[in-house]
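One structure is given here, and the rest of the page talks about it.
Chains here go by letter, A, B, C, D, E and F, matching the order in which they are written, and residues are numbered from 1 within each.
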Amino acid sequence: MDLSISKKISSLERDYILDLLEKGTRVDGRGLLEYREIKIDAGHILKSEGSARVFIGDTEIDVGVKYDLGTPYPDSPDEGVITCMAEFVPSASPMFESGPPREDAIELARVVDRGIRHSNLIDKKKLCVVPGKEVFILFVDIYYMDHNGNGIDTASLAAISALKSVQLPKLEQKVINEQTFQAPTGETYPLDIDDYPVTITFSKIDNHMIVDPNLIEELIAEARVSFCLNKNGQITSIQKNGKGTFSAEELVKAAKNARDLAPMLQQKVKEYTRDLTGM
Amino acid sequence: MDLSISKKISSLERDYILDLLEKGTRVDGRGLLEYREIKIDAGHILKSEGSARVFIGDTEIDVGVKYDLGTPYPDSPDEGVITCMAEFVPSASPMFESGPPREDAIELARVVDRGIRHSNLIDKKKLCVVPGKEVFILFVDIYYMDHNGNGIDTASLAAISALKSVQLPKLEQKVINEQTFQAPTGETYPLDIDDYPVTITFSKIDNHMIVDPNLIEELIAEARVSFCLNKNGQITSIQKNGKGTFSAEELVKAAKNARDLAPMLQQKVKEYTRDLTGM
Amino acid sequence: MDLSISKKISSLERDYILDLLEKGTRVDGRGLLEYREIKIDAGHILKSEGSARVFIGDTEIDVGVKYDLGTPYPDSPDEGVITCMAEFVPSASPMFESGPPREDAIELARVVDRGIRHSNLIDKKKLCVVPGKEVFILFVDIYYMDHNGNGIDTASLAAISALKSVQLPKLEQKVINEQTFQAPTGETYPLDIDDYPVTITFSKIDNHMIVDPNLIEELIAEARVSFCLNKNGQITSIQKNGKGTFSAEELVKAAKNARDLAPMLQQKVKEYTRDLTGM
Amino acid sequence: MPLLPESLPETIFKDDGTRLDGRKFNELRDLHIEVGVLKNADGSALVCHGKNRIIAGAYGPREVHPRHLAKSDTGILQISYRMATFSVGERKSPVPGRREKEISMVVGKAIEPVLFLEQYPNTTIDVFITVLTADGGTRCASVTAAACAIADMGIPMKDLVAGVAVGKIANRIILDVSDKEDKWEKGGATDMPVAVMVNQKQYSLLQLDGSITVEQFEEMLDLVFEGGKLVYEKQKEALRRKYSTEDVGR
Amino acid sequence: MPLLPESLPETIFKDDGTRLDGRKFNELRDLHIEVGVLKNADGSALVCHGKNRIIAGAYGPREVHPRHLAKSDTGILQISYRMATFSVGERKSPVPGRREKEISMVVGKAIEPVLFLEQYPNTTIDVFITVLTADGGTRCASVTAAACAIADMGIPMKDLVAGVAVGKIANRIILDVSDKEDKWEKGGATDMPVAVMVNQKQYSLLQLDGSITVEQFEEMLDLVFEGGKLVYEKQKEALRRKYSTEDVGR
Amino acid sequence: MPLLPESLPETIFKDDGTRLDGRKFNELRDLHIEVGVLKNADGSALVCHGKNRIIAGAYGPREVHPRHLAKSDTGILQISYRMATFSVGERKSPVPGRREKEISMVVGKAIEPVLFLEQYPNTTIDVFITVLTADGGTRCASVTAAACAIADMGIPMKDLVAGVAVGKIANRIILDVSDKEDKWEKGGATDMPVAVMVNQKQYSLLQLDGSITVEQFEEMLDLVFEGGKLVYEKQKEALRRKYSTEDVGR
């Protein structure tokens, strides 16, 4: 949340938002702990092993999952590797005139990465091809397509949805012209994800804590804190950002609200089907 | 042809050139489809496996060919690889004050690369050292030394001339201190090129199509189109560039003129000898 | 010694220094061929295989030595490799506002590298792990922490002191889960350095040649020349720098003075112990 | 251990003369265009051409960054063509490659002739193209997308620009070569991508790799112009769907 | 041939409940702080926290380079966190990595709330952090060092900032997790680094990786605040040793 | 599989005391210099020294790019030394390496003392050196070439600058060490490249790697100065051939 890239926001605009927050509501009529409409579409990237695009309000994030073959780490010879990367597509915002913000993209990738990594979401042994020799490296690549607030929660939903849609090829070794190849058998298998960790981010404006800010709310917020929760309501990662600070009381209250909101988001991932636009 | 790097050309100068073109001639007295003097010198780069320097008028381009050993592509285990790179040497032009144009260098390399690649000029099996294991990678590196118009045709002539002069070492495996090396036997062999694909570029100034522009003509041209032709007069690559556009009629006429001009250029490559300066 | 990064030095300050030099003395009372206080501390970097930090006056340089395992060069299959790198830490000087000078860091590393490389200081066979297969690559990494003049002589002392403190692990091959590792046996061994090559740099201000300039003297010097000498008083490398020039007479006289000064510096390396600050 | 490359079909034309995907020689792959797909961009377009899925977002005319690129006598057009890492079979490095820079340049040259850039001195029009899925012919589909995104901004244009390719495979001249068709001759196929200004009857992009006679070149120019017209119709339709006016792109 | 990774101890707590290095659950590792360690810097600090050895040098408020980063309505804080190549087990590449950039950002965000940057428009405060030896918790120790280096510059601050971490290892909540403790659960450990403004009772940095309940989160916040107080005392002591005044950091 | 490195000759001096290529200890390799070889450059030179083939092109005094490098009190000299990919045995990467940057700096320092840069404030003199074939001693030959290219521009110079090296091989001191001679002692050879201002009797470049006594250093300085005079004569000759005047370089 680098305010240096923000559009100038008039103090009038700012005061109006604060006024509403005092009254417990927001510019689009939502409550402080209410999300915009969430739409999930998966499998639309035909050359990826898994993909999803998620809209929260006007924010759009596309995620594609690809694999590569690599050598396992010596201390986990039968486990594959998962890695996250994020790109802020320059068309996503008029604020990206002089280039999309690198720092924000790195942070977005790391927050999503942590959510996936520490929830034990994926049995990494499912990514093993030949123990000690060859494993799948999964690339979860996040493209921020339309930048209208709350990228973290959107990316988190998109990543988990894309992983849910993954179909990995079964491979067998074939020798052709004295060279050994890994040849797809034609069959595929899913990652058997049985948890849907989601991220809930709280933005602090004055002394109000809100979820799912739209772009202007995001730009005037002093600080934010993201909680990733698994299906048991356990916190698997936290990330604070922004120039503002939080008291212990604010943090504990946010954690409790996150625990209340998580099941709704998890339900969205569980129930998505491929029907958004037909394109 | 990035006009942003062009020297300011006075409208007087421009009008003068246009006037002459209307009359069917040019500043240096040439006809619209006439080349400047072409000189080819080969083998002057002593540490390369092949080299040539070509002057068309005041334009000079040097090409050196080097090899490296590498692994063949899985789908062509007994074929080597050829790759082109171009550098605009910063001393080549006073316009390169703030650095030579990267885009133009990339384009130059690609046009030459296409000319070589698609003419089936070189039997890539001649670049195989050990089938499936080791092949020659040939680097055709183009240095634009003096920038006075028509770099593409000059580079194309220089690349083909350098390839014609290539002598590759015969290699045999030797084991020294338990390590296996590829050791040159001392003998060398040529690539046995039996085609001389050449590139003819047409520049469009107003509605006139000329070949071999000098620098000022090149800078005021709205568009250009390059045709690469092999010894049978077949077109093996086309590349259009510049802000201007062409009609179908212009393109077909240019293609026919290119077919007429190609034999002259091909003859130059066939007959070159090493005698330019003795240096 | 890039004067472009220098603070503006008043001509008053300059004249004062020149006046003193005429009288054979300097701002801090030293003679022209006299060093500031030299302090050497070694082994303070706990995760390195060897380390030292050296103060000459207010100048501080830290050096750490790390190893990696690599393949030997084909023509010296039983010898390891040593390589130097230098970083000017940006906090080392207020002149590094727009970034520390890359050129100076490269030069510093090269001068130190030459001093080590050409003195036959280290028996590179001691860096062999498995002949023809695996050798130690030693990285001698120089960090310029506080930039107060005479970095070259300081870095040279720090590098040789750090190498003196190096303890390399003895390795043995172990097979775990079908994978072969190099496993440390727990024992270590030193490099058995029996020479202490040191660098003496002469700075030329007007027609005076001084050693160990403080920062202001370094900034107003026209030229400098560094001599690296081994324990036999032989010159193993020379490096001239700066915009000024030297006559043959000046160079020969400097070489003789360097031969006189070298034993004092070599003694410092021989006698250092780990007791500087206890931190 | 490398992955085994995909194997190729034995024939490229069916017995009835149609192509692998059922098309006749002069037919386009499925082409779907939608404009206004991005909320923030001044103009945007989604082009689904065959399996290609390409989004273009356009901004401007606006201030140039970095400023030294600005020109006092004209506006500039800056195209950024980027392939998503997951757009191709083997994951693409996220670092922009030489090919991406080349196509950015090529698309820019294809679009520029239809703009009145000299009317916007000191400014830039930026078009960012993101290839989400690539399936052969992305440079042509990108021209199509970029032209639509700019038209969606509402600035005057001399013409639309339609990207389309023609090729010679197994010695037959066919429109809109697919990825599979292109690979079938193992680099021996002839491919000629062009950008057509349909109303002006001009070519602003023309490339060719392969081997053809001058006569075949004439024939290919004819066929690809017909293809350009088909693309142009789809572009107009998409803009009409959003704006419900007839004369877009003139 | 790869080097064999270090093996881990079998237990992480001794029979008497103390930790491998003899600490109780609520004790810090040895912490030594010294300010004014660099001659050239406007302010500087050396922090030895466990085996971590970190030097921070601060300059400013001074002119911004490159100038376009300057802001006319406020000063800026620029943190550069760099690890020396020899600071870790396997030599680190000298090229700044993604992690170094991230920690630079994180430390900046942790320190900024205590500064009155708006009083220094068009200027920058630069803090350069060099990790000479890393031993777990470098981001916390860097916050501690950067705060001290800035305080050593003598500019007004709302509060000091203390960096400290709390963790959950083998299901027990412990203060100031060491590198060895962190690795013991092979990535399963929970670690929560924070930056505390002790007098303001505010958190300016908070991260967590692992798995905890909301109730454990409350408990960890309590313990880490106590840890912050211990670090704060050492910071004050170091500044007092140099300046012999009582009210540093208020 | 690596390529077998070239083997070295058994002796480096012939029985008659001459060198492998027939030279006496105090002789230069063949040296051919030509100025005005590039049409566009303000000054240019081709130096063929042994098998070295080096072209230098000079521009200026002209505006500085990027502008922030300009200095209001003096002109600057910018040297770019680049080796063509095909100039050495194994293809060089086209990316400028550390060594190329170092030699650029070294050549600049060698040339700068003979220029009156303070007379051209806010401008730059740019010399671009391209090594087409490298054969030992390129930094010296580049000094020779750069000095000639600048002289060919026609700006006043205090002196020419001649690049030449002296070495100690097999314990004998010899002028102008060739690549083969240098490699013969497998890194044990002593090499001392210098740049001499022959009329001023000053050294503007001096480097040494190897092992010599202070007395040998004196002897080498004597011999290399004689070498400098030989190079200087060739430089004057080349300039005279173009300009037919006697007092070039004074």
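Convention: a residue touches a chain if its C-beta (ideal position, glycine included) is under 8 Å from a C-beta of that chain, and two chains touch if they have at least 3 such contacts.
This is a predicted model, so every value here is computed, not measured.
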Smallest number of contact steps required from subunit A to reach subunit F: 2
Touching subunit A and also subunit C, the following chains: B, E
Result of counting contacting C-beta pairs for C-E and B-D, higher pair: C-E
Distance-maximising chain from subunit F - centres being C-alpha averages: A
Centroid comparison with subunit C (C-alpha atoms), farthest chain: D
Subunit B-subunit C separation of Cα centroids, rounded to whole Å: 49
Between subunit A and subunit D, centroid-to-centroid distance (C-alpha), Å: 31
Inter-centroid spacing, subunit F versus subunit C (mean Cα positions, whole Å): 28
For subunit E, residues contacting two or more additional chains: 2, 4
Contacts with two or more other chains, residues of subunit B listed in rising order: 74, 179, 181
Those chain pairs that satisfy the touch definition: A-B, A-C, A-D, A-E, B-C, B-D, B-F, C-E, C-F
Touch list for subunit F against partner subunit C, complex: 2, 4-5, 71, 98, 101-102, 105, 109, 112-113, 186-187, 192, 197, 200-214, 217-218, 221-222, 225
Of all residues in subunit B, those that touch subunit C in their complex: 177-179, 181
Residue ranges of subunit B touching subunit A (in the complex, touch as defined): 74, 77, 132
Residues on subunit C engaged by subunit E in the complex (per definition of touch): 44-48, 51, 58, 60, 62, 64-69, 85, 87, 89-94, 97-99, 133-134, 139, 141, 143, 145-148, 171, 173-174, 176, 179-184, 279
Subunit B to subunit D touching residues, read off their complex: 4, 74-75, 103, 106-107, 110, 114, 117-119, 225, 230, 233-248, 251-252, 255-256, 259
